[in-house]
Each structure stands twice: as C-alpha cells, then as structure tokens.
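Per-chain residue numbering starts at 1, and chain names A, B and C are given in the order in which the chains are listed.
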Amino acid sequence: MSTLIYTIITLCVIGIVSALVLYFVAQKFKVEEDPRIDDVEKMLPGANCGGCGFPGCRGLATALVESDDISSLYCSVGGDSCMGSIAEYLGKVAPKKEPTVATVRCGGTCEKRPHTNTYIGATSCAIASSLYVGETGCAYGCLGYGDCVEACAFDAIHINPETGLAEVDADKCTACGACVKACPKGIIELRKKWPKNRAIYVSCVSRDKGAVTMKACKAGCIGCSKCLKVCEFGAITIENNLAYIDPTKCRLCRKCVGECPTGAIKMIGLAPLVKKEPAPKAEGGATTTAPAATPKPQSTESAPAAATKQVENKEA
Amino acid sequence: MKTFPIGGVHPSDNKKWSKASAIEVMELPDVVNIPLSQHIGAPATAKVAKGDKVVVGQLLAEPTGFMSAAIHSPVSGTVTAVDMQPNGQGLRQMMITIKREGDEWDPSIDRSTKLVAECTLSQKEIVERIKAAGIVGMGGATFPTHVKLSIPEGKKAELLIINGVECEPYLTSDYRTMLERGELLVVGTRILMRAIGVEQAVIGVEANKPDAVKHLRQIIGTAGDIKVMMLKTQYPQGGEKQLIAAVMGREVPAPPALPIDVGAVVCNASTAVAVYEAVQKNKPLIERVVTVTGAEVKEPKNLLTRFGTPVSALIEKCGGLPEGDVRVLNGGPMMGRALCNLAMPIMKGCSGVTIISGEAAHRGVESACIKCAKCVEACPMGLEPYLLSKQARKKAWDAMEANDITSCIECGCCQYTCPANIPLLDYVRLGKQTVMGIIRARNAKK
Amino acid sequence: MANKFLVAPAPHVHGSLSTSRLMADVVIALLPALAVSVRVFGWNVLAVTAVSIASCVLLEFLVQKFLFKGPLTINNLSAVVTGLLLAMNLPANIPLWIVVIGAIVAIGIAKMPFGGLGKNPFNPALAARVFLLIAYPAQMTSFPAPQIEGAADAFSGATPLAAAKAQMVTFAGDNLLEMFTGTIGGSFGEVSALALLLGFVYLLVRRVITWHIPVATLGTMALFGAIYALCALGGGMTTLYFPAFHLLAGGALLGSIFMATDYVTSPMTTKGMVIYGVGIGAITMCIRLWGAYPEGMSFAILIMNAMVPLINKYVKPKRFGAR
C-alpha cells in the first residue's frame, strides 16, 4: 500500500515541478506579437506556396501588418478579393493586380521537334539543361522532365505524355510563379488572364536564326515579322529572331494567328478568324495547334489593357 | 606506394585497348571550327574576320583579360565565318570557321625536331611566351597556364608537380606522350621550374604505367632536380588536390584556397610538352594527342590532332562508331562530357574521345538508398554525397553550403560506387553549381 | 544513322556493386553459421529458416504489390536477408506459427510502414526478435539441447547466458572452446563463434562491411568485461576468461557482425560507426550484468538504432583539407 502512495506522491510532485518550470520558461521566452498577424494569416489562402516572395503565408501576413504601404505586397493565389478584405481589415489601401496565368511558351511537340538523342541522366530539367542542349536540336524549348510540375503546389501544370510538353490547367493556376522560377529555360511566363481562359501568345522562345530554328523544330518562331505587320495595336515586337506579343497591348484580334507560317502563335478559346480569301487553314495553322478548348464565337469584352503588370521573365 | 588520404575507387582502367598504339598524325581536316572559349575564364576576342587569309600558328583571337587564353590557327586557309555554332553539347558558342588550303606555317615557328634543352630566358619572359602561345591545362580543366605560373604576391612555390597520372580510365594520351615525347616533357618541366623559381619537380605517374616511369627515369638519369614518383593506381589520383596530397603529404584547404597555398604548382604532362614547344620552338598550342578508344572501337588510336578537327573524323579514322546505342564522350568515362553532336571540334582540353556502346551505355535502374555509406567511403574529399544529393533534391542550398559542397571535385566516385544506381553526382553537381552561383551573387553584393 | 545517342552527366561507367549483390553476400556469409546449426540442432533449423524467409519475402511482395503499388523490388534480396537473420535469432524448436508472427512484425511493422528498404529506423529482424521475446518468452528461451554426441550438456535447456544470469556468474572457464566451435545450445545463429567469424572475414574480404562496428562493439564488451572482472570478480585469470566468455556467449558475435552492421540502421561515417559500436557494447554489458534479461545485444542494437539519425547529423567525416 505504501508503495502505491509513494508512487502517486512522486508522480504528483514531478508533475507540479514540471508545470512550474514550463510556466516560467513560457513567461521568460514569451514573444510579443501583433495579434493581427494571426488574423491576416487566416485570411490568406494558406497555400504556403511562396509566390509572394515570402517563405510562407505568415511571412506575408507579418509584412502586411508591419508595413504602412502594402502596394508592393500581393498574394496572387487569393487575388484582389482576398487582398481587398485584408486591406479593409488593416485599414490600408488594397494592392490591385490584373489576374495572370502561367503560360508555357513552347510548341515543340515530339512530332514537330524530332529527337536527336536520348537523355538518360537524372530526371530534372535543371540538370539536363546545365549539361547540354536537350534531346532535340532546339536549345530553348521545353525539356519535359517536369521541374515545373514538381514546383507547382496547386497541381496546375503537367507534362502531356503525348506532346512531351508542360501544359497549364488555367483554372487551377494561381499565378504564384513557382513554375516560372523552376523552369531553367525561362519558357513559362505569367500572362494576363482573359475571361474564359482565352489567350493568344507566341508559343516559342527560340532566339536562334530562322533557318536554325526551322531545322530543329517545325513549330518555332522564325522571326519573319509577318505578325508584326498585321498587328494594329503595336503589341508585337521582334527581338533576337523572336516575336513577342505584349499581353498588355494585345486585344485578341487574332489577325496575327493566321499570318504565322509555322503556327508558332497559339490561340486558345477563340475561333479562328474568318478571312476573306479562302482560309489558309491547311497550313499547320491555328486550329491544329490550339488545344481542344471549345471555340466560342467572339464576344470579346473591350479589354482594359491598362494595369497588367508583366512579371519579369527569368532568363536562363 | 603513395596515394591520397581518403576515399577513391578502382575502376578497371581499360587502357589496354589503346596503350600499345603509337601516336599517329591525324590527317588535316578540310574545314575547322575553332571555338573562342577553349579554357576556363573569359572567351578570347576574335582578331580575324570573314575572308581573312590565315597561316598555321597565326593568332586568331587574343585573350580577354588576364583569366583567358589566346587562340591560334591550327591550319592555313581562309576564314569563312565568325559565328555562333553548336558545340558538342549542342549549345551555341562563338566559333571561327576556316576552310583549309594547304599547310603553310608561320615562318617564325621552328619545325625542326632538334631538341633544344638550353633555356636562358627570365621567369617573366617564359610566362609571357606561354601566355602568347595560348597554353592551358591539357588534362581537361583547361585552366590558363600563365595564370597558374603567375605566383601571387606573398606566396611562394616550393615544388612543381607534373601530372602524368592519367587516372581517368581508358585514356592513354598522356601515357603515349610520356613514352614518345619524354625528352620534350623533361625539358618542358625544367622550363616550368625556372618559370616559378623552384629547384625541385616531381613527375607523378600511376603504377599501371611502369614503362613510362622507367623511360622518364632513364631520360632524367642522374640529374637530381626531377624525381619520378610512382603512385598507387587509384581513381582520382590525378585530381590536383589528390596528387598534391599523395606527393607532398599536404592537403589543400577548402576553396577558395589554391594549390599554391601549400606551395605546389601542378601541370599536366602534355602541358609540359606544349610549354617546351612554345618556349623553345615558338610553336603555339595548335594540336594535341587525342585518344580514341572504347570496347567496341575497331582500331583504338592515339592521334596527334590539330584543333578544330571534328570528332566524327577521328571516329571514322578509328573504324567508325559501333552499331546500336552509344555514349560518345569528350574525355574519359569518369569525368568526360557526353556529346550529342559529333561535329564537335577537338579543343585544347580534349584528351580523348571515349565510346561506350551497347548495354554499358545505359544507366542502371535507380532504386532506394540503403544507406550503405559506400559513397561516403568513396568520396576523396570527405563529403557525404548521399546527404548532399538528398539536399539538392529538396533545394536546400543553405544546408548544402554548410556541408561543404563547394569542396566537391565532381570526380564521380560516389555515383560510380552506389549499389542502388542513384544519380548522386547529377544532383550534387546541380547543387554545387547553384550554391556557387549564390556565393558569387553574395560576394558581388558586398 | 543506326546509332542511338545516349546522353547523361558523368560518370559514364558504374562499379560492380549492386544492392542485390551486397544482400547475396550477407546471405553467403551466414551460410557457415546455418550449416553448423543444422549439424547441432538437426533439420528443424532448416524448416524454421525456410518458413521465416518465405514469409518475409511473401509479405514484402504483397505489401509492395497491393499497398505501395510501386515498382517491385523484391529481387534485391533484402527480404531474404531479413528472414534469414530473423531465423538466426530463434531457437531451433520454436513453433513455426511463431516464426510467421515474427516475419509479420519484421516486415509488416518494422520495415514497410516506414517506406520499405532504406527507410526503416530499426533493424526489422531484431525488432521482431524482441517482440517475440516479450510476447512468447517461454518458447523463445527454451533452447533445445544440442543433438550431437559428446556435446556439453551442462546447461541443457538454457543458454550459457541464462545459466550465467541465474548464478550471477562469475563463470567457470572450462567450456570456452565448445562455445567457440559451437556445440552449445542457444538461438541457432549464435551457436558457433567460428562460423560467424568466418562470415565476418568473408564480409570484410568482399568489402560488404568495414571492421569498425564489430570491432568497436566487441572491443567495448571485452574491455567492459575485463574491468568488471577485475573489480567485482577479484581479477586473476577471470580477467581474461570473463570477457572471452561474454564475447562468445549469446548473440554478441551474431549481433555485432550481422545485426549491428545492417546498412540502413547504422551510421554513415566511420567515426559514427565507432561511436555506435561502443554504445552497443556498453549497453549490452550493462544489460547482461545488471539488467533483468540475460542477453542485451538486441536491446542495445535497437537503442543505438534510435541514436543513428543523431549520430549522422552531428558526426561528419573529416573533410579533405580541414585542419
């Protein structure tokens, strides 16, 4: 009996002593923190994707609470509504951004871009691209080992086994920019997100001369300037043998799409423009390259092409 | 027998295929492509333009700054282009293309075979000549030799080590050079000793080349200034730091420390021959011995090849590519770079073309790490490759830096030995490149 | 061109090591001990071994096929090694159903839930042995008497250690030779020191393991035993006999050569291996001399297994060029 009592007493004493120690330690090391940080963190999406530039949502929450001007802080996952409510809660001016979506600018499918060798190293775009040009003759195109897939916290980007290219699920993409950073070739760009995921962009980043590009890939931009000539909005520029459509200026008029001799200008969610003369559709043009998004007759909202801030494209 | 203190592996050296074939002169190619970057450091600046006529030995491009090297024409003919062209890895690189016409040499080059042993030039003059000849480390690292020989203020060279180890399996170009051009090598060594002001030199040779050791000892005879040291056959015995440790018993500290910090200057055996030719014969670096070898290569050879000759021509000369799956390497099987483009021109650092064919060309299937610690045991730098590769996969760059990733010499021992076929070095190398980038950016900020 | 160009980063050649070769070597190294066991305890030994290996392999196969649904890696022989080592830790006359339970614990609890080969923190065979020791103490400690003529019968039914415990031994040095060649009862892997040492030499020659762990473990045990003998047993010849007895008795050799050196659950650096071995040796001797169980090897190894991540984190190899 006495054993039992001793045991109970010993355990109780140990418990009380530990509790006291813990209490004093907790007091001693208490960190004063603005309680609003917790609230703001709860209002953020909680994806901890790092798209804002902070290590996690709490980092952004702390920055939002602590800085007076929050115009440079933005959570692309939550978007304007989330930032608006946080700004309201904190009594600050809400930062605004046009929604963007990750866009893979390479059309070099297995069929268009023949393989010249077989890579058997570790499955990583970063490793392959630091080693050599890749399995095709194109030094700029998508390698297809899925560094972007691994980087995506939202399951929004995948390698299509048929084309060997990365494809973005625009509905899932939160424009956090993780894939943009992960891509060693700098192929992925955050571009303005149009309603119904419509898009027109140059699906190529090859800076090779036209002839070289052509030899490596049938879907590459050869820098022929045809698109430049038809664009009425000055949205297209050509630099280093490569056309680029500025998403802030483009109005989705679709004129350039039909002009492109290689079909490098990709159109998504739009019907091809009906030309007056018989359609040059047969020439590997728009319809064949555009994925099977339902072509909708146009009802293009006049696009406010103003405030879209272009995220800088990481150079390889 | 001396060797380095930790790690190392014993791959079968497979030098048997090409070691018996004497150096042959490769036919001159009709067109050569000369990359402007054949060395570590800034690419050279082109001094010729399209349409220019050039002769053998004429300066094509001059060094851009101190950490760079001059490039000379290996053939005579007309420059047809100065342009971006794909290199062996398919990456675009600036190259000078020359269409060959005859074989007309710059008259200032002494082409006689007479051995000129006497050298009375000053230290500075020697280094100047070496720089003018565009000599770089010919073991593969292609570090400009004049930079190595310019001993920084406050440091002192104590010993010159000539690297005749050739620990890389398959390759025999240094071995044949030591056997057939030993006299030149010894004179070159003495010139290098003079250039850095040391009294002693050691030629390190692995134990699998006893005839080379014997031959060199015979040439040196009773002269006490150069010793030939036979070292244990163990990869990577020819790694600069490993060689210094084996010969001198001193360990070069982690980067940014250099061999000179322990008083050593290391030059490759072929480099020493090039130094002889540059200083005594005024012949710039325009050719080198290239081993073409492989299990299924019909006639493995050691070819004295002018730079700019395409790899495909050498392979043709040796009986063509074996059928089926091949891995064609610029260099040996442990550290060579795989080619995807046989048009690659032979360059200063190209000691061999290795062709691995058939089943051996494939990699084994990766399986789970069983923590056998073989990689830790094999690492000659005392690193933990299993840990580093795991951290690289997780992109834990800070942790990699804390685990001394910058010490990695990319010798490949870890991956060679891994029983689970894990591509350890693939990831470790990626981590090293990334961490080096981070460090550079940090230093630039300061 | 008929050629297919393969491109990969260096190195482009690979050594002859493979997981299955290493595992096969461990199996080969255990064969002498198994053979001695068969000679000492009869054919029952083979039945236990076969059941143990078969159930381990089958279980691992089922888990990989139906739970992991990943690639099947059963041919790397790791399950065979686990099964063989488990069997080596059992008495020869153990009911076969207990062997199956042991296999279920080893593979189903100690190995696969952590992710399979390479990820388990504890040695599966030992975890199973300890489980069985606690769950079925009677069956696990009643060892059959050796079935060969002229065998020492002094401790019939109990291992020398159990006897030693009972007498708080002080020990007599008369049957050391029998313990060495293996004509004394016990778990059947523990029987012959000679056979186990033969296996050790094989593993060393094949470079499967390094000497660090076994030598550190056994060295610590010997030192510990000698000091104990000197202080508690009055010194004299006992100072020699007592440590020798402890090295030969129980699972000291089997444990230090085959169980403690398990790749997955041992440290990665030689320095770490020595620390780990010393820890095992010390804990084993503490349990043997002052603990409730006669044998402490299994517990000592499992305790040190738990320390391995810590050792790996803090014990780094000497970097080249470090002062």
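The definition used in the following text is that a contact is a pair of C-beta atoms (placed from the backbone, for glycine too) under 8 Å apart; a residue touches a chain by one contact, two chains touch by 3 or more.
The structure presented is a predicted model; accordingly, all values stated were derived computationally and were not measured.
Located most centrally within the structure is B, per distance between chain CA means and the overall CA mean. Averaging C-alpha coordinates per chain and comparing to subunit C, the farthest chain turns out to be A.
In this assembly, the C-alpha centroid of subunit B lies 48 Å from the C-alpha centroid of subunit C. One finds 53 Å separating the Cα centroids of subunit A and subunit C. Averaging Cα coordinates per chain places subunit A and subunit B 42 Å apart. Counting partner chains per residue, subunit A shows two or more touched chains at residues 116-117, 120-122, 127, 131-132. Those residues of subunit B in touch with two or more other chains are numbered 337-338, 340, 362-363, 423, 426, 429. For subunit C, the set of residues touching two or more other chains reads 4-9. Those residues of subunit C that touch subunit A in the complex are listed here as 4-9.
Residue ranges on subunit B touching subunit A, taken from their complex, read 86, 89-92, 337-338, 340, 362-363, 423, 426-427, 429-430, 433.
Those residues of subunit B that touch subunit C in the shared complex are 5-6, 9, 11, 169, 241, 245, 251-254, 257, 321, 323-329, 331, 333-340, 354, 356, 360-364, 367-374, 376-377, 379-384, 386-387, 403-404, 407, 410, 412, 415-421, 423, 425-426, 429. Residue ranges on subunit A touching subunit B, taken from their complex, read 116-117, 120-122, 124, 126-127, 130-134, 137, 139, 208. Contacts from subunit C toward subunit B in the complex involve residues 1-15, 17-19, 21-22, 73, 76, 78, 116-119, 210, 263-264, 266-270, 312, 316-323.
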